[in-house]
Structures are given as structure tokens and as C-alpha cells.
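Since the structure comes first, as C-alpha cells, the remarks are kept for the end.
For reference, chains read A, B, C, D, E and F in written order, and residue numbers begin at 1 within each chain.
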Amino acid sequence: MVPADRDLGGADLANIVNEAALLAVRRNKEKVGMAEFEEAVERVVAGLEKKNQLMNPEERKIVAYHEMGHAIVAHTSPGTDPVKKISIIPRGIAALGYSLQVLTEDRFLMKKTELLNKIATLLGGRVAEEIVFEDISTGAHNDLARATDIARSMVKEYGMSERLGKVYFSREKRQQFLLMAPEGAQEYSESTAEIIDDEVKQIIDEQYERARRLLLNNREVLEKGAKKLLVEEKLETEELEALMASVRHGPEDA
Amino acid sequence: MVPADRDLGGADLANIVNEAALLAVRRNKEKVGMAEFEEAVERVVAGLEKKNQLMNPEERKIVAYHEMGHAIVAHTSPGTDPVKKISIIPRGIAALGYSLQVLTEDRFLMKKTELLNKIATLLGGRVAEEIVFEDISTGAHNDLARATDIARSMVKEYGMSERLGKVYFSREKRQQFLLMAPEGAQEYSESTAEIIDDEVKQIIDEQYERARRLLLNNREVLEKGAKKLLVEEKLETEELEALMASVRHGPEDA
Amino acid sequence: MVPADRDLGGADLANIVNEAALLAVRRNKEKVGMAEFEEAVERVVAGLEKKNQLMNPEERKIVAYHEMGHAIVAHTSPGTDPVKKISIIPRGIAALGYSLQVLTEDRFLMKKTELLNKIATLLGGRVAEEIVFEDISTGAHNDLARATDIARSMVKEYGMSERLGKVYFSREKRQQFLLMAPEGAQEYSESTAEIIDDEVKQIIDEQYERARRLLLNNREVLEKGAKKLLVEEKLETEELEALMASVRHGPEDA
Amino acid sequence: MVPADRDLGGADLANIVNEAALLAVRRNKEKVGMAEFEEAVERVVAGLEKKNQLMNPEERKIVAYHEMGHAIVAHTSPGTDPVKKISIIPRGIAALGYSLQVLTEDRFLMKKTELLNKIATLLGGRVAEEIVFEDISTGAHNDLARATDIARSMVKEYGMSERLGKVYFSREKRQQFLLMAPEGAQEYSESTAEIIDDEVKQIIDEQYERARRLLLNNREVLEKGAKKLLVEEKLETEELEALMASVRHGPEDA
Amino acid sequence: MVPADRDLGGADLANIVNEAALLAVRRNKEKVGMAEFEEAVERVVAGLEKKNQLMNPEERKIVAYHEMGHAIVAHTSPGTDPVKKISIIPRGIAALGYSLQVLTEDRFLMKKTELLNKIATLLGGRVAEEIVFEDISTGAHNDLARATDIARSMVKEYGMSERLGKVYFSREKRQQFLLMAPEGAQEYSESTAEIIDDEVKQIIDEQYERARRLLLNNREVLEKGAKKLLVEEKLETEELEALMASVRHGPEDA
Amino acid sequence: MVPADRDLGGADLANIVNEAALLAVRRNKEKVGMAEFEEAVERVVAGLEKKNQLMNPEERKIVAYHEMGHAIVAHTSPGTDPVKKISIIPRGIAALGYSLQVLTEDRFLMKKTELLNKIATLLGGRVAEEIVFEDISTGAHNDLARATDIARSMVKEYGMSERLGKVYFSREKRQQFLLMAPEGAQEYSESTAEIIDDEVKQIIDEQYERARRLLLNNREVLEKGAKKLLVEEKLETEELEALMASVRHGPEDA
């Protein structure tokens, strides 16, 4: 779970540049100098630090259920590596909580089922919020971005959509280092763009629904785990294994 | 309430650059030098300073009702932090008046209801103008921009629209610092763009209507507060609390 | 009234750059040097100076009626500051004639009615041409640009269109100084773009029609003022006040 | 009449740049140096010079009728300045022939009728080719570009189209010197773009048809003038006046 | 077979640039220096190296069948050069396995049938996965990109589509070195873009189906070859010739 | 006839730049230096040289018929300059074979019929392949590009399409040297873009069909000439004249 306004690589850096430019202008300087740049960094970083304090109790609760949601869906997805550790102690500006999976990233290949499981696991946090609380939060925005990225790649690069066939639709990706005018930002028709949108949405919708059924089916584990997390702040491998022992894999994934 | 032509970060700086270029050309100079740049800054800043005088009585009246509108909607939105101070003394070039809320910005997470309340609060200023005066003003343009930004994020980044589902639609945001040709300015189809527009408009419309009902329901507080503001120029926490004590939360948010 | 080819900030400067580049190439130079730049400026400026002579009698007549058109519409628009001075002596390359209004630009806020009046006043010059002469001229092109800008802002930034609601549609404006790939040149759908076009056109059409009725209703003042202008070349405050005393505000704005 | 491949400002310069880059690569140089640039200029210029020889008899004939076409339409358009000189001696790389009009460019204002006459005059060359020869040539391409530019400005900048009204559609023009991401390359909807295309085409079609009727009505003067031109290579004011004395202005412009 | 996240030319390099920029900002440096660049390279390369270990048994199995798929389709495509060597030993970051064909790349011309065979051969890997395993993997993504590129060139550059005729649709390709604003990213209409998409999809679909029939018809060779590969890790020319001797070319290509 | 992957001006140079960038990164260098650039050039050029060997017999046969196709269509197009020399000896990386026409490029004007003849001549090579061989090759791709360029200019710049009229549609062409944001990459509506596509396709289709009828009508000359070319490798003016003497101009161009 990543806070909604923590994209340091994007907006924050843009702010720094902009802030420095503004400072330079206010000082009637012709160029943005070292001084302005430093001051701009301080201002923006200070703004970030101010935010970097303890979460309030309600937020901690949301984060706890959110992270347990990820863990249970991961656990019930056959072939998905189990979560080894969960924490709700914020780590720097990067994350409010996290579920440590033995990452699939040192894998050479990903199978379609694995990609779908990964999407369901990413959506599991939001699903947990929706089930437990009356309200949903902004905390899932990074999960949604990653789940969407995977779904888009399945559809545009891995040939995993029936409707679109084995055609590859991300040609521009390979050209982005060339530093020249791209051959065409989007090399497919509007009607193809619509099918891509439909296919991506369908993948996300199906996995969201699957994650929802899984968590509804395991409401007690979700509650028990979240409550434990709120007390202990993190759960290590053995505690998690004990918790997950009572998970019902349900009709969806038998 | 921010004046309509005060985007120092945008148009003003562009004017400075342009002004300097024009000066350089008029002087047959090959490059825009320090001299031109300074003169351009002076011209533009002077243009701004000229504007930075006292508001006329009618403007003060609009600002007073506008700021009270923000405050009352904030007060009647459960879970929204109350406004602690209102002022109608212009602050530099940045604002004509302001309502100081204990900002939600040091929050880690925002819930959907909170985002909707924030939108309604932002729209409250314009609603007050519409209720009290025959005419509406340009003073809400910054409020509208911020309310629209929140609504767009709800729909495109936080998965808070039923019709669009949990798909994330702002992929480019994370790439804007890369300084390279974007992978596609808009990575969704025209038909998706239309749904996004519809969803954003619906959120804004609903919150505007809710703010309107709330303020109509509390017309006396609005009048009393605005009149007090016009006399005293600012209202501190205690005065505001006294004022708000008689606010009716009405059927909309009970 | 600004001549059609006097956008010094745009086309002229582009011409200078282009002219210099062409000179450099013709001289087999690798770079555009000081010499080429100076010569280019001279050529372009000379081209402009050549044009900067006396208008012919027919042009003077068009300008006189055009400026009177602005003045009468401004006078008959309640709440609009009256025109203090009119001149048909060309001022440098910037204008053929002008009507000096106590500008609304040191105002903090603009009301919707004021914006509409401003649009009608801008269109008044062209309306006068259409009423008086069989033919219309290019002289209104800058007025049309400014009127369109105001109408677009009303619709896209100030939430003053019923159909589009309180949504803000100019997000990119705030980002134009960032010097990075814009997040999307146009962040709304084609169908929204169509509504924006319709709304802008309707505002312009209505104010044009209003200005037309006002000037038809005050044809004698228009004639009298224009003839006086052709003789005296400028009209100061007192002369204008005397002239405007007989203006009929008519059914449209009573 | 300008030859079809003589856009020195555009394609030729691009060729020079490209040629120089190619040379640098072939020589394993890291940068395009002075040497490559000079050689590239020579190659491209040589290519142009080769073309800059005498026209063949058939081409001369086409040019003669083409230029006479311009002259007669200009003569029969009331309010248009008469052509003072016609020549079919190629001038450098810029033109194959020309008709010297007392230019309207030192005018402050252009009336709608004058713009239409200018378009008709520009199209007159092509009309003459179509009437006299079985075949049409590429020689009119620059005339078409200029006529289209005028028609587009009438429709997009001068408010001279009934269907589009007094709206201004070239906002970007004023921003092209800002050297920043444009606010939107095209700030109007596709449906507006279609109307603009229709209106421009209609203006061009009507003036083409008018020029055609005028020249058909004055076929003898066209023949007589062209034949004279082919013998004498240029016609000065007096010769032209004598020729034009017998022009019939016809029903179209009486 | 190339792993899905190994586009060193694109994403990885972008990561390095981005990483270096982030480091510079964190160190309050005004510019990205040598130090940051080196550290960024190390980080990204380290991330890659971590991945560059042995494949797990299931992955090796997928790769073996995938590569045999390529080889058999190549063998059964008349006129296609036979595969000379197959390996499932990962080579650096570039490939998981490979089938060494005597490349057609030192050919001057390619015939339509050869291009279609090349597409079928590229798709053969994915087809093999689909036939043998319940699940498909990301391993074909580079094959799909290359097959799509060939199909697009057939349709847009080689005039090999009945519906599109002999028109050439990739004009921008020749201009991409010019380093200037492209004349139009896409110089054809949306309706043409749709036909292009359809034609490309049809080519890919047909060759996929052909490859599928071929491999179904040669299931035993596929199994035998893949098993041998899993034991011996590579197959040289003679072993391959022996294997392929029993391939049935089937009704599809007789 | 130009091989399909020989666009040195475009893709190859892009490859060199990219290759150099990759080398620099692999060597942990901050900048692409001379060394990397040289090595990159060598790699790419070596890749090209490898290809630059003798054509195989089948390729030579295709080239021979292809070049004869150009020559016969040129010969039978009235007003087109005859081919003076044909060769099937590859010339560097630029061409596999060529037909030397006395070029029309030192012409000042091109007539519509001449442009159509030029298109038919360009398409003649591909037509010959289609008539003689069961299969078509990539060898015509450059011919198609040039024929399409001419057809597009006829339609967009020379006013030679009935449906589009005398409107000029390539405004951006004149602005490409300005090095600034173009005023609009495509200044016409989607519906106009569709008509342009249709008109271009119709021109190409008609000339392709005409070339086909001409070559079918002269099959013997085609065979005789191609066979002679395969033996002698080139045909000079006199041999060609003898060959062409028996060409039948057929009903199409009588």
C-alpha cells in the first residue's frame, strides 16, 4: 500500500524543477542556479517529511486489512509463492505497509495463470477494504496501476487475448530510447484501442471478482490476521503459516 | 478564492520569457541577455503589482460569501476537519481570501467519502455566490480546477467509478520525468475518454447539488457569517465555532 | 483595431529566425551568426515599416466606424466602464485605432455579465462595419481572438456553461512552464470538445446579435461620432460624454 | 508560377541537413563538421542549378497562358489593383514567370471582396491552363497554397464564414514563439474541423468557377496576350493596358 | 525465446537515466554527474544479474518445446532454410533459448511466401506451448513483436494486401533521422488504420493456424525433440536432420 | 529495385545511434564517445556489407523482369522519356538493378498525364513480377513509396483531384524548417483524410491496372528482354531500341 501522493519519480521531481524556476524568477536571476535548486529540494522534501509521521488509528486499521487481503489471495492462488512477511510499519516515503512475497521477478517466464494470480493478489488489498469497511480508500492506487500494467501487457504484448489474437501492439516500447520523434505514438486504430480497453477491463473485473469470492470465503482469517497485525505490527513466516492453515480455498480455485 | 489571472507558475512566467525575447529582438540583440530578462520581469511584475491593490466593496462582498460557503460545507460534511480561520484580506498575488482548514494533506490515506466532501467544500464557494448574488464570478476557477482534479483522480487512479472498474488510466503520470517521448499521451480509447468525462461530470454535479442544498438549508448562517467577515475581515476559531453551532446538517448528511 | 498581419510576438519573430537561417545557408555558413540575424531583423522590420504609413481614406473611414462601434456597445452595457478616449491615429505597428476604456484589468474578479459585456464590446467594432458598409474587413481579427478567448475561458475554466457544468477543462494550462511532455494535450473526449465548441459559438453569436441590436438602435450616434472622428482624429472624454448622452439603451439592456 | 520542387525554405534545407549527416556517418565522424555541411550545400545547390536552365517551348507556352490568366482575372476584379508587368523569364530558383501587381500588402485592412478577388486572381493561372490545354500542370501548386491560406484565414481568423460565426479558431498562432509545448495543436473538435474544410473548399470552388467564367468570356484577350508574351517575353504597363482595354467584365462582375 | 522484461535498448536504459536523476536529486546536485550515472548502471545491471540465473525445471521444459516448435515449422515450410542448431542454454541477458536458422537476412529480396513462412516459424514457439501445456507463457512476446513487424511491413510497405492495394503507408519512416517535427505522425485516415489492423491480424491468425496444424500433425517429433533437448541441452545439425526426417509435411503444405 | 532494408537515411542511422548508446552504457561511460560511435558504425556497416554480395539466381531473375517491366511501361507511355540503359548489377547498397531514364527532373513543370505515366512506370516493376512469377517480392517497396508520394502530391498539392478541388492540403510542408512546434500536424479533418486516402488509392489502382494491361499486351518483349538481361547483365540504348521496336502500344494508349 503506497500513499496516493508519493510518486517521487514523477510529480515530486517536477515540483522541484518548477519550484527552482519560480525561485530564480523571483530573484531576477537569469538562470536557475545551485542555490535555487537546493532550496527547492528542501522545500519539497520538507513538505514530504511533514507527511511522513505516524498513521492515525483508522489508517492503521485500513492498512492492516488491506495487507491481509493481499496475503490471503496470494495464499489461495495455486502456483503463487506464499507471503513470507507482512508489516504495517511505514517504510520511508515508499510504502505504508507491505506483504513480502518471494518475488516472481527472478523468474524467466510467467505463465498466463500466474499473471492472473498476480493481478488478483494485487487487487486483494482493495477487495479487503471494500468487504470490511463501508468506504474505500486511495490506498490501492498503486496496486491498481500495477494490475493494469500486467493486464495491458497480457493483451498488447503477450498475445493472451482471444479477440486481439497474437498481434503485438506495443511497438513504440522498443523505440523509446532513440530520442527521436516516435514513429507514431499509437500505431493502431481507434477501434483496436477500444477492444484493448475492453479486454483489459474484463481481466481486471474477473480477477477482482475472484479475489472478492476468495476473501468472503475466508472472512475469519482476514479478521483474525488483521487484528493480530494491528497488535504486533508485523507477522513473520511461521505466524503467517499458522494463520493460513485454516484458509479455505473454496470452489473458485479447487 | 484565487483571482482568475494569477497563475504565476504558468502564464506569467511565459509572459516573462516572451517579453524578454521581444525586447532582445527590438534591440537587434542576438541573444536574450540579463538586461532584457530583468526588464521583462519588472514589466510583468509591475503589471501584477498594479492589480494587487484593495478590492472594491462589491468584490469584498463576493469574497466574504464565497469563503463562508467553503466553511459551512466543510462544517456540515461529517469527517471533514472544521475550518479554523477565514480571512478576506488578500495575501500577495496568491489569494483574495482563504478558509484555513486543518489540512487533510498530512493524511496517509483518503477515503472516498472524504474526497467527495473535499469536492463539495471546494464547490461551496461558488454555490454561495450563486445563491446570494444574481451573478456568478470568475473567483471560483481555481476551486473548480482542484475539484476536477480530485474527481479525475477518483475515476482514473483510485478505481472509484463503477463504470470504469478498477482499471488505472494515468499511466503516463509516472513517466513524465523521463524527458523522453511519452509512450502515448493518452493510452485509452476515445470511448473510454467519453466515459471518464461523464463520470467526472457526474461526481462534480452531485457534490455541487449537495453543497447547494446544504447552503440553502443554512442561509442564515451564511448571511450572518459573511456580514461579520465584511466588518471584521477575519474570523478566528472561536468566532467560527460560535457561528457554526447553529448550522443545520439537514436531511442530506444526517 | 489591429491590422491582420501584425502579430509581432508570433509570425514576425518566426520570420526573423527563418530569414536568418536562410541567409546563413546561402552564405555556406555553418551557423546563423550575428550578421545574419541583424540582416534578418532589418529585412523583416523594413517590411513592417513599409506598411506603417498613412491609411487610405477608405481605411480611415472603416476604422472610425469600427472604434465607435466598440465605444457605443461599451456605453450601453450596464456595469461596463465607459470609453474615455477614441483615436484613429495609427500607433506604431500595434494598432490602427483604439478606444481607451478604463480597463477592467485591475479588477480582482469578473462577473459573468461583465464578461459577456466585454465580449459584446469587442464584437461591436465588427458589427459597426457590417451595419455601415456593404463589406466587412479583416480589421476585427484581433477582437474576435480576444472575444473567443473570453468565451472559451467562461466555458472551460469558470464553470459558466450549463451543459458542461462546474468541470474545469484546461488542466494543461497550469503545466505549460514545466518544459516537459504535457500529460495530454487535450484531456477530454471528442464529444466534450464538440460541446465546448457549441457553447463558445452560442456565447459569441448571442453577444454579436446583442451588439447588432444596440448599434442599429443607435445608428445616429454611430454616424455622428464616426464623422467627428474622421475630422478630429480623436475624441476625448468630454466630447465622448456629450455624444453618448443621446444613446438609447433600448429594450435589450433596460 | 513557381516550380513544384522549389521550396527552399523547407525540403531543400532539410535535404542539406540530411545530406551532411549522411556524409559525416560515411566518414566515421562523430559530428557533422564544416566540411560536410559545405559539401552538402554544394550537392543540393548543384542539383537545383542543374534544373535552372531554359524552359522547353511547351513549358514556356504553359507559363505564358498561366500568367495571362492571373492578369486578366486581376483586371476584371473591381477594386483589385491592375497588373503592371508580366514576365516569362525565369527569375533564379524562385519563379518561372510572374505578374507584377501593385501589391495590396501595404494596405492596413483587407475587405472580404478584396480577399475573394485575390483568391480568384491566384486561381486564374490554373484556370487558364485548364481552358487552353488538354492537360493541367504542377505549376499552380504555390498559387493553390496561397489561395488556400487566404481562404483558411477568412474562415478561421476573420469571422467571414456564416456557418462558423465570429469565433476565432487559430489560437495557437499567437503562441508559436513561446518555444513550449503548445496548449493543444488543434483546439477545436473534429466536427468543427469538418465544417472548416467545407467552408474553405466552398470559397475556393466558387472563386475558381468565377475565374473560369471570366476567362472563358475573354478567351481572345487571353490568346492574344499569351502569344505576345511568347514573342516578347515580357509585357510592360502600357502594352498591358492596351491589351486589357478590350476585356469584357461580363455578367459576373458588372 | 526472449524473457519478457529484457528490452535493454528500451526500458532498462530508461531506468538507468531515471535512477541517475533520482540519485542526483537526493544528493542535492544540480546535474547528473559521472558518479550518479555509474551507480545507476550498477543498480540496474545488478537487478538484471540477479535474474540471470538458471531456469527452473518447468521453465526449461517450456523453452525446449518452444524452440522445437520453431524448428519444426521452419522445416515444414517449403523454401525456408532448415534450423541448424537448437539450444536451451540461456545466453546472457539476451535469450533463454534459440534456434539457429541459416538466416534469410543476407537475401536481397524476400518473396511473399517466404515472409509468411517466417511469420509461421516465429509463431511456432507459442503454438507448441499451447499444444503441449495447459497454459501459455510470456516467452513468445518477442516472437509476436517480430511477426507483427513483418505482417505490418507486408501490408504497409510491400503492397501485399489486396484491400489496401499498392499504396505505401510508412512515409514517416524515411524521415525519422531528420530530427525535426514529423510531417504528420500518421499520414492516413482512421478508416485506413482500421483496415491495416484487420489485414495484419488476418495474416497473423492464418499463419498461427497453419503452424498449429503443422505441429499437431507432428506431435511425436515435437515430443521426441523436446525430450532430447531437455537431456542434451543442445541439438546440432546432424541430430536435427535425423529428427526431422520423420516430419510429416501434411496436407497444408504438400 | 531497391532492397527492402536499405534505408540508410533512416533505420540504419538510427541503429548506429542506438548501438553507440548501448556500447556506452555497457562500458559505464557517461557519454557516447568517439570510440563507441566508430564501433557502432563498423557493426552496422559490417551487417550491411555481409548482405552486399551476389544475388542468387532466383533473385537475379526477379530483378531482370522487374527492370524490364519499368522499361516497357515507360516506353509505351506517350510523352515519357525512353529508358536508355538497364542494368542488373547491384550498385553498392543503393540498388539491385536500375533502369536509366532521361530523367524528367530537369523539367520545370510536370503535366498531370506525365505524373500518371511516372506512377505507371514505377509500378511496372511490380506488375512484371506479378505476371511472370507465382509470387511477389519485397523488391518494389521503394517504387511503391515513390508512386504513393507522387499520387499524394497530385491530390494534396497540385489540385488534381476532382473530389478535393483546388484546395492545398500540405501547409505544414513549408514550415518544417522553423524548428518550432508545428501549427498542427494535420490541418484537415478526419473526413478529408479519408477522401485523400481514397483518391490516392484510386490513382495507384488505375495506373497499376494500366501497367498490367500494357505488360500483358507485351509479354514477349518482356520475356525476350529479361532473358537477354540475365545473359548480358546490362542493355544499352541501341539494344533497348531494337527490343522496344516490337512493343505494342495497345488499345490503352493508342
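Throughout what follows, a contact is a pair of C-beta atoms (placed from the backbone, for glycine too) under 8 Å apart; a residue touches a chain by one contact, two chains touch by 3 or more.
Everything numeric here is computed off the predicted structure, so don't read it as measured data.
Peer 1: Taking all residue numbers at the subunit C to subunit D contact, is the shared part over half or under half, that is, same or different?
Peer 2: Here the answer is different, because the shared fraction of interface numbers falls below one half.
Peer 1: Centre-to-centre on C-alpha atoms, which chain is most distant from subunit A?
Peer 2: The chain farthest from subunit A, judged by C-alpha centres, is D.
Peer 1: Taking each chain's centre as its mean C-alpha position, how far apart are subunit B and subunit F in Å?
Peer 2: The computed centroid separation for subunit B versus subunit F comes out at 58 Å.
Peer 1: In angstrom, rounded to a whole number, how far apart do the mean CA points of subunit A and subunit B lie?
Peer 2: Measuring from centre to centre gives 29 Å for this pair.
Peer 1: Which residues does subunit B have that touch at least 2 chains other than itself?
Peer 2: In subunit B, residues 9, 13-14, 18, 21, 173, 176-177, 179-182, 185, 190 touch at least two other chains, as defined above.
Peer 1: Under the stated contact criterion, what part of subunit A meets subunit B in this complex?
Peer 2: Residues 3-4, 7, 9-11, 13-14, 18, 21-22, 25, 28, 30, 50-51, 53, 55-56, 59, 62-63, 90, 96, 123, 126, 133, 135-141, 144-145, 147-149, 151-152, 172-173, 176-177, 179-182, 185-186, 190, 193-194, 196-197, 200-201, 204-205, 208 of subunit A touch subunit B in their complex.
Peer 1: Per the contact definition, I'd like the list of subunit C residues that touch subunit B in the complex.
Peer 2: Spelled out, the residues of subunit C in touch with subunit B are 8-9, 13, 16, 34, 37-38, 41, 105-113, 115, 153, 157-160, 164-171, 173-177, 180-185, 187-192.
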